[in-house]
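Structure provided below as C-alpha cells; questions to follow.
Chain lettering (A, B, C and D) follows the sequence in which the chains are written, and residue indices restart at 1 in each chain.
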Amino acid sequence: MTTATPDRTVSLRELSPAVRGTRPDEVVIAVSPAFAGHFTKTIVEVPHAEVLRQLLAGIEEQGVGARLVRVRDTADLAAIAHIGAKLSGSGISVGILSRGTTMIHQKDLARLSNLELFPQSPLLDPAVFRMIGSNAAQYAKGESPQPVPTRNDQMARPRWQAKAALLHLKEFECIEAGRGPVEVEAVFELTDAG
Amino acid sequence: MSASLDTGLTRGDYPLSVNRPELLRTPTGKPITALTMDAVVSGELSAEDLRIAPETLELQAQLADASNRPQLAMNFRRAAEMCAIPDAEVLGMYNALRPRASTAAGLAALADRLETTWSAPVCAGLVREAAEVYARRDLLARAGAEDGEDTP
Amino acid sequence: MGAPDRDPSSARLVVGVDIGNSTTEACLAAVAPDGSVTYLGAGLTRTTGVKGTPDNTAGALRVVRDVLARAGRRPDEVHTVLLNEATPVISGLAMETITETIITESTMIGHNPTTPGGQGLAVGTTVSIADLAGQPPGDPVVCVVPAEWDFDDVARVVNAAVARGVAVVAAVLAGDDAVLVTNRLDRPVPVVDEVRAVEKVPLGMLAAVEVAAPGRTIRTLSDSYGLASVFGLDPEQTRAVSPVARALTGNRSAVVVRTPSGDVTDRRIPVGELVLRGAGKELRIDVDAGAEAIMATIARLQPLDDVHGEPGTHVGGMLAQVRDTMADVLHDADGSAQPPAEIAIRDVLAVDTFVPAEVRGGLAGEIALENAVALAAMVRTSRSRMQLVADQVSEQLGAWAEIGGVEGEMAVGGALTTPGVDRPVAVLDLGGGSTDAALLTRDGVCTAVHVAGAGELVTKLIDSELALGDREVAEGVKWHPLAKVESFFHLRHEDGTVQFFDQPFPPQVFARVVVLTPDGPVPVETRHGLDHVRRVRRAAKSRVFVVNAVRALRQVAPGADLRALDFVVLLGGSALDFEIPELIADELAPYGIVCGTGNVLGTQGPRTAVATGLVRAHAAASSCPAG
Amino acid sequence: MTATQPRPSDQPRHSLRTDVLEARPVNLDGFVEEWPEKGLVAMESAFDPAPSVRVEDGRIVELDGRQRADFDFMDTFIADHAIDVASAEESNALPSAEIARMLIDPRASRDDVLAVTRGLTPAKVLDVLKLMNVVEIMQGMQKMRARRTPANQAHSTSARDNPVQVAADAAEGALRGFAELETTLGVLRYAPLVAIALQVGAQVGRGGVLTQCALEEATELELGMRGITAYAETISIYGTESVFIDGDDTPWSKAFLASAYASRGIKMRFTSGTGSEVQMGNAEGKSMLYLEIRCILMAKGAGVQGLQNGSISCIGVPGAVPGGLRAVAAENLVASMMDLECASGNDQSFSHSAMRRTARMMPQLLPGTDFVCSGYSAVPNADNMFAGSNFDTEDYDDWNTIQRDFQVDGGLRHVREDEILLARSKAARALQALFAYLDLPAVTDDEVEAATYANSSADYPFRDVLADLKGAQAVMDRGITGLDIVKGLESAGFHDVAENLLTVLRQRVSGDLLQTSAVLTADFTPLSAINDPNDYAGPGTGYRLEGERWAELKKLRHVTSATDPESEVR
C-alpha cells in the first residue's frame, strides 16, 4: 500500500486549550503525547503525516469536519480517545497512539469501552487509517458504517510485542502531567518537493 | 459430623477416593460409593450429589496441613465455609472485592453477612483485611466515580 | 377445562402427542369412564428426525416424560398414548434467479458511491490522468484516474491541466476520493468515484458524467432522450441505448461511455419449465414467467397430482432434490426405500422475489436487483411409518399407544377449546414448512388440506432480499420488531416512537438498525434503512402466509367461497408472530370472518391444538358406548 | 510523478551470505535493547530492591527495603500470607549462594529446600536465581517439580467453534497422552456446546483426562459448577499494584475466587508471567523476573494449588531481550520452589524460527515440569483460538522424536493411525448420540466421517450456527449438567465413556484433585504431590523414563525393524 507521492512530514502547532466543539458534524482526532513530535512514524514505519492525512481524508470524503487535539497527560489509548470524544461536537472521536494503535470512541460510552478498536498496530496501513476516518465520520452523521475489518496475525507477537512495549514506554516518558488537552493544527510539508 | 474429622489425616490417607472412601459423603449425605451408574440411570442422583461437602474440604485441609501447605489448607477452609453460599451470591461477593467496587461500609457489611448469615468467619476475616488495605491504598469506591470495566 | 375432579383411580391417564414438522407437542389428561376430561398439562419439544419416521420416537418420549414430570405423574400410570396420523408433509425450498444484467464493452457505470463529488452533467473525451500533461488545450476531457493515485496529486495534476487551458469537465476515480478531489479543484466538476475496475474504462471515447445533488437522482443519463441529446443519437441508436437509461434510473451518479457496440442487456435466464398434473390435465409453465403465472396455472389444476421439473434445468434439479430427500425418509413396510419416482409433489407455492447481484461486466461492483422466483414444494405420501413410532413408544412406556386420528380434524377439535369459538370453524395451522387448513362444519364433517410454503420460506425471502447471507439474522428480522439505536440511551421503534433507557446500550448496536429480541437489541448488518427492512419483512410474510391463508381456506371453504366461513382460528408456531395474525385478519376481514389466534384450553395459546384434539376425540369415542 | 523511485546507487553492497542470513526466519522475530529503568530487562537490573526482612511481634514489618507503612498491596499480601514468618529472618540471612547450591545439590532433598524457600522474600528469591545459569536452573527444576511424574497439557479449539472437531481432536489429544485439555471460543455463546464436546472427546480418548474452558469468570465458574468442565486456569494475576488494578482485581479478590472454585470441588490454578507488567507500561522500574516472583508469592499466599507461568501471552517481550529465556526458565523454577504446581508455558506463538521454538522448551522438557506445555496446540495453529501455540499438531512427530532422542518424557507418545481414527470416530459418534439425547442440534453421519479423517476445521461440513447457538443457550437455560451428559452417553450405549465421565465427576466429591499438582491416571487414581512426590536425590533417583513407558516412547511413525530390516516396527 504505497503511494508514489513525495514524502510528507507533519508538525502539530499548538493553538489553544482544547474546548468542547459545538458543530454536530465534526470528528475530533485525539493524538497521544509523542505523536508527530517525539515520534514521527508508527511501529511499521507509516509516517505520522500519512496517518493524519488519511484519517483527515476519510473524514473529509464523508463531508464531515475534523479537529485535532493533543492529549498530554496520559498515554492510555482509551483515555485519549474518550477525552477526544468529550471534546467532539458530534461526540465521536478517533484516538491514536504513536505506535499506531487506534480507537473510535463516543462520549457516552464508558471510558474502557469503544465503538471500534484496532489493537494490532503492526497491521494498520494507510488504507486502514482512511477507512477508520471514514467510519468515524459516518458515526458522526448518524449512519451505520460496517466496522473496518480487523486483521489478525499470530506471528505478530514474536515480531512486534517487545517493540510495541518499548514504544509504549517511550510514549509514557512524554506525558506532561497536569497539562490539559490542546487544540493543534497539522502543518504538512513535502520533504521531496520534486 | 463423624468422629473421624477429629483424628487428623496423614499423607498416607491420600487419595481419599481410593484409601478412605468411607470418609467421603456428598452434601446430601450419600456415601461416595452410592455415586454409581445405576443410581445415575435410575434418576436417584441429582447435580447436588456431585458437589463437595464442607466436611470433605476440611479433610483435604488436614491433608494439606500434613503436607506442609498451610496456605492451601487455609484456602480449603475458606472454601468449606463457602459451600453453602449460592453461586450468584459468591460471584457477587467476588465482584464486591474488586478494586473501587465497594465502600468501607459495603465491605464491612459483606464481612458481617459472611460471619452471621453464612457462618464464615475465615472468609469474613479475609474481607475485613481487604477493607483495611483498600482504605490505605485508595481502593475503596469513591462517590460519583466514573464507571469502568475490566480491560488491561 | 371445567370437568370436576373425580376419583383418579377410575380415570385413565391419557397423553395426546402431536408430531409436527418442527415441534412435538403433548397434552396430558385424565379421562373418566363417562368421557369427561381433566387436563393436567401440556408441553412441547423439538421434533427428532423427519416427521412420520421412526426417529420421532425420541422426541415423543421426551415430551411425554416431560409433561408427566411436571404434572407429578409417573410413566407407569399412563394408560394410553395417542399419536396423530401424521401424513409426512415435507417441503423443499429453492430460489432461482431469472434475470441477469450484463454490461458489454464497459459502456456504463451506474452505481451509488456514498460520496460522489461536485454536481451536474458534463460530456467529454476519456483521457487517463497519466496522459493529461500531454493533452492539448481545447476539447472537453473526462479524466480517468487509476487506483494508485493520491487525491492531492490528482487535484494538482488536474488543476495544472486546467491552468494550461485543458477543459477537464469531469473525472472518474478508482478510489473513494471524489469529495477530496473536488474540494481541491480550482474549478469543481462532477466526479464519480469507487469505480474499482477503472482501468477497463475505454479511453479516447466520448463520455458523459452526471452527479445529482445530495438526496436527488440523476435526470439526464437515466432518460433515453437525455442520452440521445447528449450523444446526438438517431432514433434507431436511441432505441439501442434505452436499456442503459433504464439501468441507471434511481442512481445519484453515473457515467456513460459511447462505444461502438457497447450495450446493457437484461437477459432472461432459462430456468426451465414446470410440468404440472392435476384434475386430469397436464400443463407446462416457464418458471421465468413469474409467480403469478405459475400460481394461476396451479389454480387451474386443483387438486394437484404431481409436479415435475424439466430435466437438465434448474427447476428440474430442485424438484428432483426434494424427491430424493423424501425417498431417503420414506420406507415401505418391508424397510426398503420408496423410489423417488413414486413420490408425488402435491403443492407448489411460487413467490416473486429479487436478489441483489453484482452486474456482470460492471466496473464499480454495480448491484442490480435481479428478479427471482422462490418455490416451496410439498410432498405427501400415504405411507407413513407412524405405526412404528407408536409401537416403540408403547414398548418404552409400557402403555397402550395408538394412532388417534387425522391431524386436521384433531387440530379443529383442539381449536374448539379456545374460548369464544364455535362450529363451523376453520383452522389455519401456520407451521415451518407448510400451511394447513381444516374446516369442521356445523354437522361435524371435517375437511383438511396442506399447502406448501410457511415460516422457512419467509426467512429465506428476508435473507436473500436483504442480502444478509445469514439465516440467524434473517430469523431475527422475521421474529422481532425493528428499531434504530439513535444514541447510547435511546432508540426509535419502527412505529416512530422513541424509548429512553437508563443503562447505555452496548457499543456494537450504536447507530445501527436492530431487532428487539427478549435478550436486548441485536444489530442487523445491512446498509438498508429501517423502513426498507420493515417493508421487506412484512412483504415476505404477506406473500407467503396471507397468500397461503387464502389459498388453503378456499380449498376447504364450501363452494370455495370465503364468505361461507365464520370463525378462523390461527394455530402453530407462526401464529405466535407479532404481525402475521394481524396481516391475515386484515385480509380476511372483508369476507366477514372472525379471525384470531387460538388459545387452546384457554391457556396454551396457539400450541398443542392437535394433541388436545386427540385427547378430546379419544374421550368422546370411549364414552360413546356408555352414553 | 508516477515514475518509480530511482534506487539510490550509493547503497552499500551486501554479500550473498548476508542475503541468505537476512532471509532466515529468525530475522522476522523482534529484538530490543534493554531499558532497566523502565523494567524492560529480564532479571539483571540495578533497579530491583535488595533483599531484607524484619519481623516484629510475629509480623513482617520490613520487606525488601520497604517499611510496612509503605507497603503496596502486593507487599502486604505477600508479607501476611505467603512468607513463613517463623523462618523468614533465618532463611533470608542465609547467603544466596548457599540457597542456590541447595537447589542443585542432590543431597539436599526437595523438603530441605522448601524449608528454606518458604521464608524467602521476593528480592531474596531473585538474588538466588541471579546466581544460577540455565543448566543449574534446569537441575533445580528436576528436583523441585512438585509431582514426580511429568505431564503435558493441550489446547483443543476450532476456528469455527465446531464442537465435532473439538470432540475428535480432544479424543486424539487424550490418546496421545495429554493429561489436561483446554478450550476457548471465537464466538463465546458457543461455549456450552464446545465444552461438552471437549469433555466427551477427552473421556473417549483416555478416561480421566481433565478439561477446562477459558471464559470470563462467571461463565467459566458456572460450567465448572455444573460439571461440564473439570478445572480452571485462566485467572490472571500481576506483579505490580497498578497493573493488578488495571486488571480489575486485587490479591484479595483473587484469593476469594480461588476459594470459590475449591468450594465447588473444582481444581484451579492462577496464571501469570514475565513481561506482562512492562507490556502494560507499569513495571514500576522492576525487572520482569522480580515482578513475576511477586506474582508467584501472591499465588502461594492465596492458597491456590498451582500456577501457569512462563511468560504465557507476553512471551514476545522476554523473548526479545537478552537473557529472556533464562528468566522464563527461572520463573518456572520459582513456582516449583514455592511448592506450587507449575504449568510451564510453551503455549503461545513464540518465534518464526523452528530452531528457536525448540530451544525455548528445552529448559522445561529436559528436567520435566508438572505440565511441560500449558497449551500444546492439539489442533493446527490456524484453529488455535488462543492465538497460536509454540507447538501444534504438525510438530507431533518431532516432539515424539525428541523425547526418544534424549530419553525424556514430555508427556506424549506416538499412536498408530488406526487407533487414532477409531478414537476420533468414536468421539464424534458419542457426541452425535449425546446431542440427539439432549435434543441439541444433530451431528450428521457426514460430520462423523469428516471428523474421523480431518486435519483442520476446513475439513468439516458447515454446521448450522444458528441452531447451534440456540442449542448452546438451551444447555444453559435447561440447566444441563455433567450428570445429564453421563445419562445421555449411557443410554446411547457409550457405557465406557459414560463411566469415565462419571468417575471424573465423582472426583469433585472427594476433593482429591484440589491438592497440589493433581491429575488423574488412566485407572482414575488421583496423582498429586502428596502420593507422587518428587523424590529426586541425584543420579538414578526420581522419575526415570524406563520400563513400559520407555518402550512406548521408543515407537515412532517410521522405525526400521532390526529383525526384518525390510519392514518397519509397528
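A few remarks follow.
Definition applied: a contact is a pair of C-beta atoms (placed from the backbone, for glycine too) under 8 Å apart; a residue touches a chain by one contact, two chains touch by 3 or more.
Predicted model only: the values in this text are computed from it and were never measured.
Taking the definition of touch as given, a chain qualifies here only if it contacts chain A and chain B alike; those chains are D.
Taking the mean of C-alpha positions as each chain's centre, the chain lying farthest from the centre of chain C is B.
A count of C-beta contacts for the chain pairs B-D and A-C puts B-D on top.
The distance from the centre of chain B to the centre of chain D, with each centre set as the mean of the Cα atoms, comes to 25 Å. Averaged Cα coordinates give chain A a centre that lies 43 Å from the centre of chain C.
Each chain gets one centre point, the mean of its Cα atoms, and the points for chain C and chain D are 49 Å apart. Distance from the chain A centre to the chain D centre is 37 Å, each centre being the mean of its Cα atoms.
Contact with two or more other chains is made by residues 148-151 of chain B. With touch defined as above, residues shared between interfaces to two or more other chains in chain C number as follows: 148-149, 153.
Each of the following residues of chain A touches two or more other chains: 4, 110, 113. Interface residues of chain C facing chain D in the complex, by the touch rule stated above, are 45-46, 48, 58-59, 62, 130, 148-149, 153, 157, 471-472, 475.
Across the complex, chain D meets chain B through its residues 72-73, 76-77, 80-82, 111, 114, 217-218, 221-222, 225-227, 241, 243-250, 252-253, 255-265, 280, 300-305, 339, 479, 481-483, 486-487, 490-491, 495, 498-499, 502, 505-512, 514-516, 525-526, 528-531. Residue ranges on chain A touching chain C, taken from their complex, read 3-5, 57, 60-63, 106, 108-110, 113-115, 130, 134, 139, 142-144, 146. Contact residues of chain B toward chain D in the complex are 11, 14-18, 21, 24, 26, 32, 35, 37, 40-41, 45-47, 49-53, 56-57, 59-60, 63-64, 67-69, 71-76, 78-83, 85, 87, 90-91, 93-94, 97-99, 123, 126-127, 129-130, 133-134, 137, 139, 148-152. Taken together, the chain C residues at the contact with chain A in this complex read 114-115, 148-153, 176-180, 183, 486-489, 504, 507, 510-513, 525, 527.
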